[in-house]
Amino acid sequence: MPKNGTGLTGKSFAVLRKDLLCEFRTRYAVNAIVLFGITTLTVVSFSVGQQSLAPEVYSAIFWIIIFFSAMSGLAHVFIREEETKTAMVLRLTADPTPVYLGKLGYNVLLLALLEAIIAPLFFILTDARLESPALFIVVLILGMIGLAGATTLIAAIISKAGVKGALFAVLSFPILLPLLIGLINATSKAFATGEVYFSAASSELQLLVSYGVIMITASLLLFEYVWEG
Amino acid sequence: MIWKILLFVLMVWVIVAAFIFPAPQQVIGEASRIFYFHIPQAWVAVVAYIVSMVASIRYLKSGAMVNDDRARVAAALGLMFSILAMITGSIFAKVTWHSFWNWDPRETSILILLLIYGAYFALRTAVIGDERRARLAAVYAVFAFLTVPFLLFVVPRVLPSLHPSDSIVDASGRFTMSWQTAAVFFPSLIAFTGLFAWIYTIRLRLCTAERLRNEEMEA
Amino acid sequence: MYRLDAQNVKKTFGPRIVLRDVSLSLGIGDSLAVTGPNGSGKTTLLRILAGLTLPSRGTVDFFHEDRKLGRSEMRRLVSYIGPELALYDSLTAAENLRFFAVLRGITLDRGLIGKIMEMVGLGGREDDFYHAYSSGMKQRLKYAVALLNDPVFLLLDEPTANLDKDGKIVVSGIISRQKERGVLIVATNEKEEYGFAEKRYRLDG
């Protein structure tokens, strides 16, 4: 913990800790996102079973599961504030940047949990093979940062909309598409052959890293316009 | 007035010459004529988005509602031209490569642009309150624009491309269009851009007038 | 030293005009009661002044010695309480206080939390969950949170809502103190609350 507990880092951690504490006590978003992931994975396993599919197909299926699970749970961090009317006092008290960073951190952790549960189960319930674990883990990490980085701002936007419905997925998908393309390609390389290390996936990795950096930076700049008023 | 006449003449020239002059790309043949229409449409779709994004940034900085009008009108036109570009592109794809859709990077980009426009309008209808709607839509427009550099530069390195790459400038950077092709292509580019500018101006005037009238009625 | 300046504030919700051309100017020691029937825009006006809602037209600015203050600075000086505002149900009172204190740049230890709770008459109840509080207790905790930053501008919408006799005494104390040291704006329908402020701004329906 930082010594100056009330600087930007301290405030961001406070927001993160508050959200984790609330989530731990209610378990709403975690349940939604993990159950959705497991359900979808079960459906996939049931229909595809032990058939042998191409690595690209497994890769696509994996990220489809992660994407839709993310859509079912990542907006919660802002929607809950609006629905329980706590957003008001938060807006009065806090500057936008620590709020964004705290909630970004929360979404990253939520995705980490999701991936940590779904990834091992994926290899158990399907015939997918993992030839390059190191590459896969790197992609998982970049994936969670990229997904959270792009969608946290959008979650803030839709929390202010009247009718939410599928709006979160509709707004997120076009922005996430380049990320998903990179993730699916890189992952299919990780599934495919063992000799393939990071060099073969270098263009994808560059895409993933730059995506995360750009999305988070832009979100930081734009967030205050969503937050105020 | 004179501009409208010039625009009309230019457009007629483009449409006629596109079919009378020799086809631009010998390898692909007659189907490549669509190049005179498809590329300017895609170009306008991107220009419209840039106009929308710039207006959105100005709205966020100044709060003047006229910028929201500009963003919205430009986006509506961008949506229309994206649809046109996708249709002409798909027709060409079917004729040349025998399938309407291939996930080629440029095709993907125009699809994403279309989805962004769709999402933009979906967001607008879902938000209550004029200022809030203008603000959230503006933030989304700017944020979504960030995917464009990815689509233009990074994705093509990751996905294999079907688009002919030597239509305008070849590998060594020399201009490859024949004078006949250039004589139709560049006027087409100008004509479509002019068309966009003209419709945009009319719609913007209409939009702003409506908004001002609503404000008058409330006062 | 500090001033709040609202010029020609107008707020519309679609076709409905809720606030029409409101202008105010308040400085240290000023107190204002905003009154009017239900739906006259009292809450809306207070929320616009607090920075929670954007006006449709007009401006609201805070000044320190003639220098206009930015949003961050303004946030440090302003506190608002209203019936529609809520604290975190899944946190205890102490956790709520500590959280908002950190966001305000203040670190609270158990001792300080205890003292704050005593001040609003909630002594000993800091480890109870907010959702378990009665509405009167919730109102008192809202005051505790609102006073964390010792605000120059205190905006109260229905200040004694849900409060019993003791609660009202606590609030009177808070209000007297605020009137001496800062600016007080109260929105109310209750005649007994009119007396909290010296000036009155009437909003028609």
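Before moving on, here are some points about what is shown:
As written, the chains take the letters A, B and C, and residue 1 is the first residue of each chain.
Here is the rule we use: contacts are C-beta pairs under 8 Å (C-beta built on N, C-alpha and C of every residue); 3 or more make two chains touch, one makes a residue touch a chain.
Fair warning: this is a prediction, and the values are worked out from it, not measured in the lab.
Looking at B-C and A-C side by side, the one with more C-beta contacts is A-C. Remark: the per-chain Cα centre closest to the mean position of all protein Cα atoms belongs to A. Chain centres here are Cα means. That of chain A falls 31 Å from that of chain B. Here the spacing of chain B and chain C, counted between their Cα centres, is 49 Å. Chain centres here are Cα means. That of chain A falls 37 Å from that of chain C.
Annotation for chain C: residues touching 2 or more other chains are 54. Shared interface positions of chain B, defined as residues touching 2 or more other chains, are 128, 131-132. Those residues of chain A in touch with two or more other chains are numbered 229. Residue ranges of chain A in contact with chain B, taken from their complex: 153-154, 157-158, 160-165, 167, 170-171, 173-175, 177-178, 181-182, 185, 203-204, 206-207, 210-211, 214-215, 218-219, 222, 225-226, 229.
Per the touch definition, chain A reaches chain C in the complex via residues 5-6, 10-11, 14-15, 18, 21-22, 25-26, 84-86, 88-95, 98, 224, 228-229. Contact residues of chain C toward chain B in the complex are 12-15, 17, 54, 56. Taken together, the chain B residues at the contact with chain A in this complex read 60, 108, 112, 115-116, 118-119, 122-123, 126-128, 131-132, 135-136, 138-140, 142-144, 146-147, 150-151, 154-155, 157-159. If you check the complex, the residues on chain C that touch chain A are 50-54, 71-72, 75, 78-80, 82, 84-91, 95, 99-100, 102-107, 142, 145.
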